[in-house]
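Single-structure report; data block below.
For reference, chains read A, B, C and D in written order, and residue numbers begin at 1 within each chain.
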């Protein structure tokens, strides 16, 4: 007899736990306000990334098309993956008559970048920073190799002091 | 009864007559068969699309998601798009698969559910086959489907598929018993196996209310066993995505896969429809004994809506099961059947027979 | 257990052991043994009721120009005392050492890894195969003289 | 072959099934060669290396700052603890004492990482057992933590927040309010986890008594973390070798003695409560101080050996650095918890069903990149 009572108890308590579980899911289906879906491409206008979000390395240029990169290669050394490649050039300074290093191209291989943020603190002149763009999908891998300094841009005066 | 105005037999009879005036008796029969066949084919497609959409939405809301939202208004055309995608997909097959059986399996499954749906009473006078052994016919026919699953698993020549098929075989053979016995509990009450008569007998009230606790227990068991019969979660061991990748239909793609998918949803509909018919009065409106005015208002809602509403309710409960519970293990599945459902069912049917003998039901 | 105490204890095992000496105190007590004596020492350390280092939390190899070392980091789960055993394998061409799988089951994977990456053969290991690399991989990548012009890119 | 053996061999119904490398429940590219007798598993043989990236070899070429970001890619779910292990090791070698602020920030971030890892584990565990809904609930709560991470360090998964000598950025202004908001939210939601899964009879039957690992085996196999503690072995590095600010907080070490899947499950659920306790103790009194100690641009460790272990969400992660005085380490070894935990899989899964194997795999919480490195 005790066996039968235990058997019934087992069934009843088992069913109770199942109903308890169904209560949880039942709560959510009856509370559509709890829905947390964000519809991504549609909410692009309101989507704001966090300030520190690391999307890609960018080089800010001011209105005179000037940047702050002296071509010191500190970022290139700091990068663990060889993502940054600086092609240098020497131009003659008219006033002093000395040759001076500048950058010809600041090549950034986005396909190799792990967004580790080691290059940013390494830069002595704050010439590069992390951008917010994260939509990097392209059709061809070669498009991921970017030149960060804009054509015709030059070093901002007073950065090197 | 007020709902007699919605009697579909008037419509069918007039069609029969007008056809009879045009052609001979055999031709009439063949034409009618073709018409019914076409209607059911369309119903299959529509049901499949609607149920897949419903499942995706319901599951999404259980999970605090929105579900498909892109194609059409609130994603209503999503399943159509999916169907087109499946149609255009390449039908792949493993090199060492048994080609004939591999191609045959999805058809067996779909034919089984096709045959079962023929006996479902949709509304007053709207039933393709009103057999006098309807209950028996449906239980018999719906178990043909397992042959298709076994074939699919075997012919795929894939061990995961085979394990899934064998699980499914063990599962359906045992849960067939519970489904049959729980239906039998109601058959004891009605004294008939014919669906139209069973519904007619619920004119005064649905069996789940009139049949005391045994009817309710039978209903719960039917729901559990019915879910198991359709290979749906928490009894989806034959697919068991996290264990067997996709079980018996691992190797299927394109339209052949869609057949399995469709059959699963249509089977769910059939189980829910049978449950609604046996326990919830089928297309019979909700009646409360003395409340005449209430009963009359209920009668104005067409029987088809009553039927579809009840079926949808049962389908929703089955979805609720699926999206809440973890999957059972194969030995626990069989334990549940043989140690719990079957004994409870047998005692239940005994109690029910006693109640019927004493005439204690309402 | 104090280091000195443990040191004396190990000396009493009768296995030839030298203890690493350096100006900066090392993090763990480090005992250096030859590859032949390693198994005997570790077995003593594990089974001796006074020390009973029952948990090997790390096992690794290091490739030096002249020899290969296999390191065993052992911990006593009762009092958290730790010891490092360095087994020195002189033969860099065909390094071999006795497996400690009979003492620590975790050695199963760790020794396979050392075999895979350093080429050290563990005698009596139940299933010594490459674990991370392909079975037909040539060479032992963590050795300092390993060259692979295709996969290693020098920056 | 004797007659008896011949009889046994012919009667044997054993067959092999390759589970993985692409399989829903291996959570990555792990290949298990199963020997099955019907549904019963008689032997499990893991084949690793499908995502081996030779991180240890790469470390020999990198500077000490650069090693840190590689550890993100090992156990990506407890990346903060991995970073911390390397940084603690390097700091020990350089004999830098970081400020209390850094210690507390590191501890809070570690515990948040542990929480997020366990939340994901809970969701995935449900999915492995067939309850897909739990997966979404787990991710829902994890989302709040990843938002905090994103705001603090700019990345959601591979954070690379620690650097030798401190942390990369100071915490943002609303860090404390956001963390407290999360804690209040999660204190309400965690009982829901119990309601949905822990108490569910199907779940109980699927986990109780499944995949028992004895204490002796756990120690011998080196099964650490919640998996080892469920076998009755108290192996919490946070208690036995306190690092960062763990010596100044009061928390329980969760130890169960059953050693089955359900004990491992409970251990993780309880650890979530404890993690919240730790964070609550620290969040209100983050001391002032530098968030970074100045280090040289090129770090050179003296000729020495360092072993530093931390408690990740999966167990004991050890970093062994052998330095020869140059700017690159001579040898780096990561003693990853998953590697040792996986070793014990055969012992646990033998004799169970295929479904049990899936349960066991999710309760020992494997992360494949952690195993392959």
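Quick notes
Here is the rule we use: a residue touches a chain if its C-beta (ideal position, glycine included) is under 8 Å from a C-beta of that chain, and two chains touch if they have at least 3 such contacts.
Just so we're clear, the structure is a prediction, and the values are computed from it rather than from any experiment.
If you compare A-B with B-D, the chain pair joined by more contacting C-beta pairs is B-D. When each chain is reduced to the average of its Cα atoms, B sits farthest from subunit A. Subunit A and subunit B have CA centres that are 51 Å apart. With centres defined as mean CA coordinates, subunit C is found 41 Å away from subunit A.
One finds 64 Å separating the Cα centroids of subunit B and subunit C.
Mean C-alpha position of subunit B lies 45 Å from that of subunit D.
In subunit D, 133, 140, 196-197, 200, 202 are the positions where the chain touches two or more neighbouring chains simultaneously. Counting only residues that touch two or more partner chains, subunit B has 62-65, 323-325. Subunit C has residues 155 in contact with two or more other chains.
On subunit D, the positions that touch subunit A within their shared complex are 62, 65-66, 68-70, 72, 133, 140, 143, 147, 150-155, 158, 160, 168-169, 172, 192, 195-197, 199-202, 204, 297.
Contacts from subunit D toward subunit C in the complex involve residues 48-49, 52, 54, 56-57, 61, 92, 217, 219-222, 224, 233, 235, 240-241, 302, 304-307, 309, 316, 318, 320, 322, 330-331, 333, 335, 339-340, 342-344, 372-373. Within the complex formed with subunit D, the subunit C residues making contact are 24, 26-28, 30, 54-58, 60, 62-63, 71, 73, 77, 80, 84, 104-106, 108-110, 113, 117, 130-134, 141-142, 152, 154-155. Put simply, subunit B touches subunit A in their complex at residues 58, 61-66, 69, 320-321, 323-325, 340, 344. In the complex of the two chains, the subunit A residues touching subunit B come out as 11, 18, 21-22, 24-26, 28-29, 32, 34-37, 39.
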